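One chain, chain A, links the two complexes that follow: it is found with chain B in the first and with chain C in the second.
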Partner chain A sequence: MDNPEQLIRKGVHHTALKEGAVKGFLGGLTWGVVLVALLIFGKICWDGVPTLLKPEAPFVDIGFLTKETETLHVFDDSAGTRHSMPASEYHAWVDKNGSAAVFNEQTYAYSGGGIAGPIIGTALLTLLSIVIALFFGVAAAIYLSEYAKQGRFINLVRLAILNLAGVPSIVFGLFGFAVFVLAAPVFTGDPADRTLLAIPLGFTYLSFQGWNSSLIAGSATLACMILPVIITASEESLRAVPQGFREASLALGATRWHTIRKCVLPFALPGILTSSVLSLARAAGETAPIMFTAAVAAKELPWANPWVMLQNQVQALPYHIYTLAARIPTSEYTQRAQYGSVFVFLMMIFIFSALSMFLRQRVRSKLKW
Partner chain B sequence: MVNGSSTTVTPAIAIDTLRFNYGAKQVLHDISLDIAPREITAFIGPSGCGKSTLLRCFNRINDRIPGAKVTGGAIRIGGIDIARPDLDLQVLRRRVGMVFQKWNPFPKSIYNNIAYGLRIHGEKNRKLVDERVEYCLRRVALWDDVKDRLHSSAFGLSGGQQQRLCIARTIATKPDIILMDEPCSALDPLSTLKVEELLLELKKEYTIVIVTHNLAQASRCSDKTAFFYLGKLIEYDATQKMFSNPSVRQTEEYVSGAFG
Partner chain C sequence: MPESSSPSPVPAGHPFRRKGRGTDGLIRAFFGANAGLTIVILVLIIVFLVREGAGFFPDYRKELELYRKAGLEFVDFPRKDLTAHEQMSSLLNRAYFAQVNSACRREFLRSAEATAIVTYVNETVTPAQSALQRVKEGVGEGGEIPKDLQASLTAKYKELAAKAIAGKAGKGLPPAPHLTSEEVTGLLNVLADRDPLSTEDPPFITAVDEQLAAKKAEAAAPFADFKATIDEFSEASSALDTLISESGDVVKATKEGATLHEIEITKRATLLEAAAKTNKPELKTQLEADAQAAVTTEPVDFKAAVEPVLARMGEFRDANATLGKSASEILAKLPAKLEDEKANRYLSAFRKALPEYQNEVGDTVGKMEAWKYDLPVGLGSTLWGFIAGRDWITGGEWQDFYGIIPLFVGSLLIAIIALALAIPLGVGAAIYTNQLAGRREQNFIKPTIEFLQAIPSVVLGFLGIAVLGTLLQENSTKDAFSWVPGFPIQQRLNMFTAGCLLGLMAIPTIFTLSEDALNNVPSAFAEASDALGASKLQTIFRVVCPAAISGILAAVLLGLGRVIGETMVVLLVAGNRIEIPDFSEGLGVFFQPAHTLTGIIAQELGEVPFGSVHYRALFVVGLVLFIMVLGINWSAQRILHKFRIGHE
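Right after this comes the complex of A and B.
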């Protein structure tokens, strides 16, 4: 080799400096984002953990999870001690000590008691919406991947479904309000004045007057929102089942439906369920779709029988958090409810996501061909 | 084209000037041949010559491929034109079984793989199903290997065993004809040998049509051989004659390894 000294660098190394600058810049941005995320989670956990967890057994504040939401009353008694208690305890206290013993009273709406109502409401909304979405979604996916004649039109339909997944949730909220709350058909003997169309059936009317703001309207709206994801994921799971299974089954003389039922769907189901758990987390977390269609700030437990429940409004965690954050003034007395709710909510979503990841891992290792 | 079936027996499958298209592309050109019952007929030819397509016409499994259709001629199985609109496709496929190139047992237990076909056709009697499963597994010489693990996954078997399981699955529905689409192309020589032995055993009861790339396999186990090239049937005759003294020059070149 001529001039091996060329290999040795002389003076300032500009290339290395540039490399270092780029690396530092990109790294800085990344860690900046991570830091912000950590700060948010840290703040929520820091303020939320004391509400939910306790140092002594059973370590979880069960009351917060199982009691109804109440108004928080804060006052001084005649001895000057400051009390803060939910409405029910407050009334008992007043009954015992007389209202004259209450000084400097302040009330904070929704800040006392627990969040059983929102938790139950969210669970109902989510479960019902996933049932509706799975029914329609899997049916559509089966049709699209197994029956429909593949071609330009079906690809267009697929594209439309995919785009639907990107529509902002508030749009689904308005759609749900216009369709399910105001226009969906019901059977009633006495159609409302605002009905769009009432078809007499002799013994009753089929009236297009909507389901009002109710559990069923909210669930249907949420179902519409997660439907595109469910359809797409289900179709992918169906396609992942090898063609060989279908051909083998058909070649044995099975009908198409039998083949799908016995040789395709069972092997696609784990994938479908895994992705629907993720949708579950999304449905549980959205506020906008249920704002006009189902959610209400305060509602007493219990909510009567299932049929009546379907037609009634419910509380929901995300909406409850919105109410706590936007509708009431923040003070040291409201923090418990605010951060506690957010923390519980975050844990719920975390559990759903972890469950989904765990399921996917298991399914992948179990189903191999 | 030489039609080598000089027998007077009714053919199991009679193909009459069959034309077949994938969309606008014609892949089979006026194929006529008769397949004799209880014999092994081998289809040979280079890749893309249409032999698998023809095989897949016999149980109309090509129906699922968009754009694939018969554009002329007819296939008669037992004298019945299988393109008839009133044909019971499920019964046709039960009577004309198929074994695929890549073994494809269902991800179910060994037992359920075989019972699947029986259940499709409405067999509910446990005892009959048990018997049939045992019979089929014995038939493919798999029983002794798997009798202790009938209810474990079929995926635990070796490739050759899985392919024999697929053959067992096919004979479970009591077909008359078994179509085999390169059943040994992915198997090692020893497993191939076992499948070939099985074929010779099975031909006593079933009409077998086998598509193969393995010329030695065709010469070892088939009674008749049909040579296809570019969608045309070039020559069809007794296997011995095809490999020792073919009438067409192309056949001779192919079987001697000059192309393909």
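Right after this comes the complex of A and C.
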């Protein structure tokens, strides 16, 4: 230890070894995580692609995407050949061959046919919720970035946004169930027994008895859940618009609202929409909030006119996957429905996420001030 | 904002004076109201959780009061001893069987593998085989099967059998590492040559089973005394068992009578109310008559009803003494040590639990004597029964209990597994990506981990059921892993599987936030460290990481919040057994199924009647969850604020 030169040389050598080891270890961890992510993706694609894609034209199993969900019947015919077909085909087959020709019959609920119902349901839920959340979220963000000054109210709002973002999705489910399903106001001539409050309006009642489990209740619940994300992202985009735009507009005598409408919003809009695509993916992916507020395992298409549809339950892709995974035992006959649904669902989510990433890049590179 | 009070140069009535009150003011108010919406939602969440949950405690208290009055509580004192006794016996039995089975593990696996092969072949040939059988039944005893049909079906059978034996059907031939290849071939040959109509097991299976039985008998021989001791110990509870089931019937009848009477009273009240409201005289008399007829039972006299049960106190005392005696005697008779490690663990767990068990049994008589049917149940003890209750039993005949402990323990253990995985991986990956990785690596790692975050939880849950659970269970039977505590895994869906998946979900959260925290450390810190001659590692671990530690801690806490609040994965994968896990398994406890706070809400809310005690209990669980997660997030924010280093 007396000779400093020796110390340095030794130290350098030792450190290089150690550095390599630590770097290798941490790198191994990191690439391990990446590998697991790729493995999951690969597994779903490996099992999902054969159910959805076909070797001959049109290469995609259109029926899986456009038919409604049915029960799958698996049985042997009298010659010992095994058939598996959805309920509608099965009934046609039985009509033709007689029920005496069916042996060793097994049924798998929700595993036959396609997933048109869940796809449409998820699309409606997501779109409706994003419309609601964008309306309220952008308005709130405008207030936060354009009007608000430091104060108690603003601190409270920020605290609420922060806390709302951390609330577990199942608590949103409980909240949606208690508020939108059981306590939201409706106009009705005949208030239900469980109503919280019925205000007579002469010709009808405004009864706080809820919207029942329905598309609108589920969308409202999902909207509450994504609201904080939308507000935060929108505020960020609004703040990114240079202050000079506003000052110039105000200096020309425009009112505050006019300034916002003409000189702030148009420039913030791309950013807002980009972030809302990401919220779209999140809203589409959640199961817990819609379990009690909107989703149902089986429902026949078509779902009547829009007004009636709003008040009815819908099928949803995540809930469909939950049903398939939790209630139906895995077997070779249910694989098509299970992996197919998961694959389609994951593709939807990934397209949304990738789209939002891509748009974010573009917006960043295009809008430079 | 308050207007300034200084005199304005603008004359009154000028449009400028309307500032903040005209259209612009309205628009401002509109946007402000929307911002306030977030507060409204948060308040609504709290109000509705509290509103639906508030009714729980009084209702639950009423239920508990009936539980006491009817005498169910009295019978439950000795019943608890009985359950404890069963658990103690099961510990001994497990020790015994672990000891015996460990000696014949190989034979056991051989038998299981051979059976699996036979089952696999049987399942594959089923279509042809059952068709043949049907044809045979169709022609009757003496009849002849049409030749061509026979031939075609037999050919079909042969084809399927050949496919099965080649391992091309379904998932392929089940693996058989403990059978020699000659044995497997022999077994397959026998199966291939079998008569198409026979479903009998080949002789090899019988032989393997016989080997297993012989080995078992051989292994059990030295432990015959031990087994006799165990049986004697288990027998000690038989008197108590009969006594409890007999008095249980009596008190249950009392409770049912009381419940029925209450329902009838409520019905009468409803009818009378309706009668008071109506203004048609004949409907009114009708309703009133119905109301009088509604109550058909007398109110239950609890004191008299519980009398016959109390009268048997002497018998209870005797049975309790038998139990206590068997417990105090058993210690001397137990072997000091068992050879098998697992068996030994069960045995020492028994020894450890014995004093507590003896105490419990000793206390019972005192509790039963002090018990009074008309002692009121306090709201405090109801609350305590919820917070510290060890049972969550619903929809039972006997009595519903709402104790949060089993759910809480499940959530906690799963969170521990998830964090044990996610903290090293998430933080390690963040340090690597931020400090050590090259630019190109970064550009690949970051989006991939972000994609991981985008995977919906229900998809991960599905993968847990379809892939991970089976994979873990199958691998846990391998010889190479037999040293791991808890292996082989009994249940495919357990806390470990759920914890792994939740860890995977928490990694992106922890990674992203830690990476941000590392990024926010001023570059001057690292530069100064470099300038002082520190090595790269010293700079990272002594300077950059400590400077970012608050951010990393906050990231871990937020990850914990996400894990605790996650629903779908635990609902699908955790196994959903509502019980406090058995900690006598050591680390193997993580491989048991459990239920969680989030899972119970998702599973039961759809099934409970609106407004019932059970329904309200779920809202209280939701409230607990809400408070927990809010607390975690709040601490994360505090940590971020308090220990912030560097420029912001």
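Criterion: the second predicted complex is superposed on the first by the 350 of 369 C-alpha atoms of A that agree within 3 Å, B and C clash if a C-alpha of one lies under 4 Å from a C-alpha of the other, contacts with A are read in each partner's own complex, and residues count from 1 in each chain.
The rule we apply is simple: a contact is a pair of C-beta atoms (placed from the backbone, for glycine too) under 8 Å apart; a residue touches a chain by one contact, two chains touch by 3 or more.
No experiment lies behind these values; they were computed from the predicted model shown.
Judged by the touch definition given at the top, the superposed model places A:E247 against chain B, while chain C stays out of reach.
Judged by the touch definition given at the top, the superposed model places A:K149 against both chain B and chain C.
By the touch criterion defined above, A:F187 reaches neither chain B nor chain C.
Between chain B and chain C, C contacts the larger number of chain A residues.
Of the two partner chains placed around the shared chain by superposition, chain B is the only one that A:F267 touches, whereas chain C remains out of contact. In the superposition on chain A, contact is made by A:T255 with both chain B and chain C.
Contacts of A:F59 after superposition on the shared chain: neither chain B nor chain C is touched.
Overlap of the chain B and chain C contact sets on chain A: residues 149, 151, 255.
The part of chain B that touches chain A in the complex is made up of residues 59, 61, 64, 66, 89-94, 97-98, 100, 102, 104-107, 116-117, 120-121, 155, 166, 169-170, 173. Listed in rising order, the residues of chain A touching chain C in the complex are 15, 18-19, 22-23, 25-27, 29-34, 36-38, 40-41, 43-44, 76, 78-82, 103-104, 136, 139-140, 142-144, 146-149, 151, 153-154, 156-157, 160-164, 166-175, 177-179, 182-183, 194, 224, 227-228, 231, 255-257, 281, 284-288, 291-292, 318, 321-322, 324-326, 330, 332, 338, 342, 345-346, 349-350, 353, 357.
Residue ranges on chain C touching chain A, taken from their complex, read 1, 23-24, 27-28, 30-32, 34-39, 41-42, 44-45, 48-49, 51-52, 126-128, 130-132, 134, 152-153, 156-157, 170, 424-425, 428-429, 431-433, 436-437, 444-445, 447-452, 454-463, 465-467, 504, 507, 511, 535-537, 558, 561, 564-568, 571-572, 598, 601-602, 605-606, 610-611, 618-619, 622, 625-626, 629-630, 632-634, 637.
Across the complex, chain B is touched by residues 149-151, 242, 244-255, 258, 262-263, 267, 367-369 of chain A.
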